[in-house]
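Next come two complexes, and both contain chain A; in the first it sits with chain B, in the second with chain C.
Presenting the complex of A and B:
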């Protein structure tokens, strides 16, 4: 009884959260998985059980393989681009620029804009109209004599998704910068000085002393960017809407559920998305728990 | 450390909103418990996608008439923006599945409503038609087309025409094209002439769905009305040389369209014609209201000088129709208000108030002809011609159910990338087989 007095109030305090998360997160994940294997391809058929057949059949949907390919291209370009640009900006900041605070604000600012609002502007910026009707970036290129740089952006049939990653890089690289800058500032000055005394060049100081200590930062950034990228939906809808050329899994799920009225396909896509994010997040969680225990 | 604090805060916020949502759910259940599906006429929530130029004004006119006729009923406009209703239909689907229907919602008359009908989400309106004597005032063909297993499920307020060719007379003159082309072959010749003789866009196009719209027009123009209508019957064969020929024409026509098509909706594509940047555009007749209405909702252009119209190539004598209609959802919270709304919508006064603004004509046959000027006078007379042939628009919900509709859209979207008419035909054959019709 006395022991219960120690743990009971705490449990009571958190139990609403536990119940809510249990129902609204894990309960809904379970329900989604149930629909995915239900064979319920319209709203009238009562749910049955198709033994996961739909996870295979989905690949015969003409729009699905392209959506997966688009998501992979987008993820590769966006994650690499945002990491490199963010690290580079942080490096410049760390080297000391005048008015660092205002630069920091400028680079972080896009984070304050939602994907959906930024998308409206980027749709105009990335318009592929030819020279005489050009607007946005293409017009800028033509007017400054850089006409050869003008291109079809996201409407390129093969690599359009790489252009689609530009707005996302613009939006998230400031955040990556902030992560790295915090990491840089956390590296004790004594370590750098010791390296310099040993005759290391400034590049070598970063290459061999600073960056190796930032592995946790890089990993966090990778996880955060990676899961944003796999789930990307609002940016695509704002720029392109539901057009096959920029299909990604989240858009495909939306179309399956709301346009095609096929709940099983939509739930299957959602399950694939959850698995893809889990592949990223679970190793990270395992690693975090292990390193915290080691401490 | 920072990360951990953030996560905690987000978690708390989530719990709060879940609690709020759960509470709202309980309250809603309690509200329903009273007397489900009552004849409450205190309010009517009307769901539509009429927010764009022209259509929003039409809805306002209809609302004004409704409020005059029903002073005790509060009108709630639940319109959601998005061309062709693409966003609105998603919101509607989730509301219907959550058993929170609006009192009446807009839907294209025809096969588009099949999913709602099969799911038992809308009520048959046979009694409503009988009580209000509506069976005699709508064209018989129209009612036949929207009857499913002996029941009518919606009240058409207007008729739109899908097969309209909009053109810029000045550019046609510059290109040496002698008036609007009457056949698909002449159309292709005209596109070539514009391409060769001027620096204008031969055929302006918008986002992917406008290519679907173009496809239905090319199919109708190339195949003829009977063969087009036959494509939508159960078990129809899409794997024919005639369809192949039509798709070859489609592929040829697509060569003369705008490079930036995917960046704009139908308004941008139609505007290119009246602004003198494109020679042709094939779009439904809702473009007319957009062209002639005053700013800010229209472009205030003049028919005859800034633009003109003709039947889409090869479709003269056929009215490819689509119709906006209103429904009565099962368990509408204010059934009395909904029925009053449907009565206004189906009345001669209602249709004559709505249609001149929207740029469409009454679905009823007894509209006041004097209200319809310019293009609309032409459309009014075409619709009421005794020998007019009717073809249902697939993209605008008449002939294809939702699954088929989306699968054709996917096939067209893939075609925009691979440009291979043979692959397009293969995909269309599969789509027809999978349609479940």
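Presenting the complex of A and C:
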């Protein structure tokens, strides 16, 4: 009882948040899952249990496999692109360059901008019109003699989602740069010095001393980029709107629920999305909390 | 030798090459901003995709005045949602962070982990029931409803920021307050809160930015009266009703981004720290 008096007030202070998270996160996830396993394919049918049929049937829908494929292409290009570009920029800045602060300000500013606003201009930049009618990036290529680089960007049936990842890379690589820069600077100078004394070239210092120390940073960046990628919605809506060619699960859930008025399908897609994020994030959370406690 | 790359021709290339490559990326990163800016200052006849890269022949603010007239209600709504939303999130985050770092209870680590997962969930997975719940509460489509949603889903990141910040306050400070007879709330008010200003700055800026830039919640829980600027911008940009007024569109996009970009430029240090907190590192 004495001990309870020590911790009870704390629990009480957090309880409003526990209730809020309990209801709005876990309660609603549960509720959504119930809709997903119901036959509620329109808004009037009362929900009933259909034994998870939706999870199977979804794959027979003409648009769904394409949406999954689009999400995978987008994820691969976006995650690899933002990770490599961010790490590269941080690597260039690691030793310090003149006006470093200004460089950082520029690389990071896209994070302050919403995709809805950025989409207004990216829709122009990624306009597919060719040759004389070219606008945006295609026009820039055309005018600088790089006309062969011109392409149909996000409207390309196979590579469209790769082009769609460009604005996402633009927005997130500054963040990755910041993570890596902090990581680089966190490697003790003595470690690098010791390697140099042993005769390692500067490249080898990075290869064998600095980069291996950055595995946790890379892991964090991968998880964050990966879960953003699975959830991508604003970007697609701002640049392409609801079109089959850029259909991804996050957009599909919205379209099923609010345009096609099929709650069961929407909830099923949303559950798949949640599972994908959970598979990525839960091991990471457990690992982070454990390694922190071990410290 | 100060330059670890030595002084050979390779190192010289590296020394001059690095700033050059960095500058090239500055140009690439600023390209969209350049197109937005020059187009927004063109008169209507001149503003079109075909002349996107040219400076205006004639500078005009007509795009900006039209954008302001169109977006004003959305901007007012965005402020009405983002300011209280950020403030309440920060207060809750501070209380949670304090308890989870200094006044733990059995199972508090589990609670913290469960909170954190809420930071990552795709909101699509709560969309149907959330719309239903807010309808039952009769706050769907209202500013209050949007504030509530942003506060609730902001709890994880705010708790994380404060908890990581409070971990750095020595336990002895709390202990000595306890020895002096202070209870939990007393120690919070007299020891912890006075030290919390930087964490409040980080949290409020971070939340303000993400609430301002939100589109998903606003689009399915908002109504024309409560639409924030992101939804209004998307609606004006998407409607092909009349001939598209590109200068107005570009000015609108800039106008809608101005508050968060200003916050970033003026208070970038705190913005950065919020960013890093998102990576779970203290």
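Here are some notes:
As a convention for this text, the second predicted complex is superposed on the first by the 293 of 295 C-alpha atoms of A that agree within 3 Å, B and C clash if a C-alpha of one lies under 4 Å from a C-alpha of the other, contacts with A are read in each partner's own complex, and residues count from 1 in each chain.
Note that a residue touches a chain if its C-beta (ideal position, glycine included) is under 8 Å from a C-beta of that chain, and two chains touch if they have at least 3 such contacts.
Worth saying up front: this structure is predicted, and the values here are computed from it rather than measured.
Shared-chain residue A:17: touches chain B and chain C both. Once the two complexes are overlaid on the shared chain, A:258 sits against chain B and chain C alike. Once the two complexes are overlaid on the shared chain, A:42 sits against chain B while remaining clear of chain C.
Using the contact criterion defined above for the overlaid structures, shared-chain residue A:210 touches neither chain B nor chain C, since it reaches no partner.
When both complexes are overlaid on chain A, the residue A:130 reaches chain B alone and has no touch with chain C. Within the superposed three-chain arrangement, the count of touched residues of chain A is higher for C, of the candidates chain B and chain C.
Once chain A of one complex is fitted onto chain A of the other, the partner contacts of A:181 are absent, as it touches neither chain B nor chain C.
In the superposed model, A:243 makes contact with chain B only, not with chain C. By the touch criterion stated above, A:103 is placed in contact with chain C alone, chain B being left untouched.
Chain A residues 16-17, 20-21, 24, 123-124, 127, 133, 182, 220, 241, 254, 257-258 lie at the interface with chain B in one structure and with chain C in the other.
Those residues of chain B that touch chain A in the shared complex are 2-3, 11-12, 14-15, 18-19, 86, 89-90, 93-94, 97, 115, 118-119, 199, 207-208, 258-260, 262-263, 277, 402-403, 405-407, 409-411, 413-414, 416-418, 427, 430, 436. Chain A makes touch with chain C in their complex at residues 7-11, 13-14, 16-18, 20-21, 24-29, 31-32, 35, 89, 92-93, 95, 97-98, 103, 105-125, 127, 133, 135-136, 139-140, 143, 170, 174-175, 178-179, 182, 196, 202, 217, 220-221, 224, 227, 230-231, 233-234, 237-238, 241, 249-250, 253-254, 257-258, 263, 266-267, 269-271, 273-274, 277-278, 281-282, 285-286, 288-289, 293. Put simply, chain C touches chain A in their complex at residues 4-5, 18-19, 21-22, 25-26, 29-33, 35-36, 49-50, 52-53, 92, 95-96, 98-100, 103-106, 108-109, 111-118, 120-130, 132-133, 149, 152-153, 155-156, 159, 183-185, 209, 212-216, 220, 230-231, 233-234, 237-238, 249-250, 252-254, 256-257, 260-261, 263-265, 268, 271-272, 275-276, 278-281. Put simply, chain A touches chain B in their complex at residues 16-17, 20-21, 24, 42-44, 62-63, 66, 123-124, 126-130, 132-133, 152, 155, 157, 182, 220, 240-245, 247, 254-255, 257-262.
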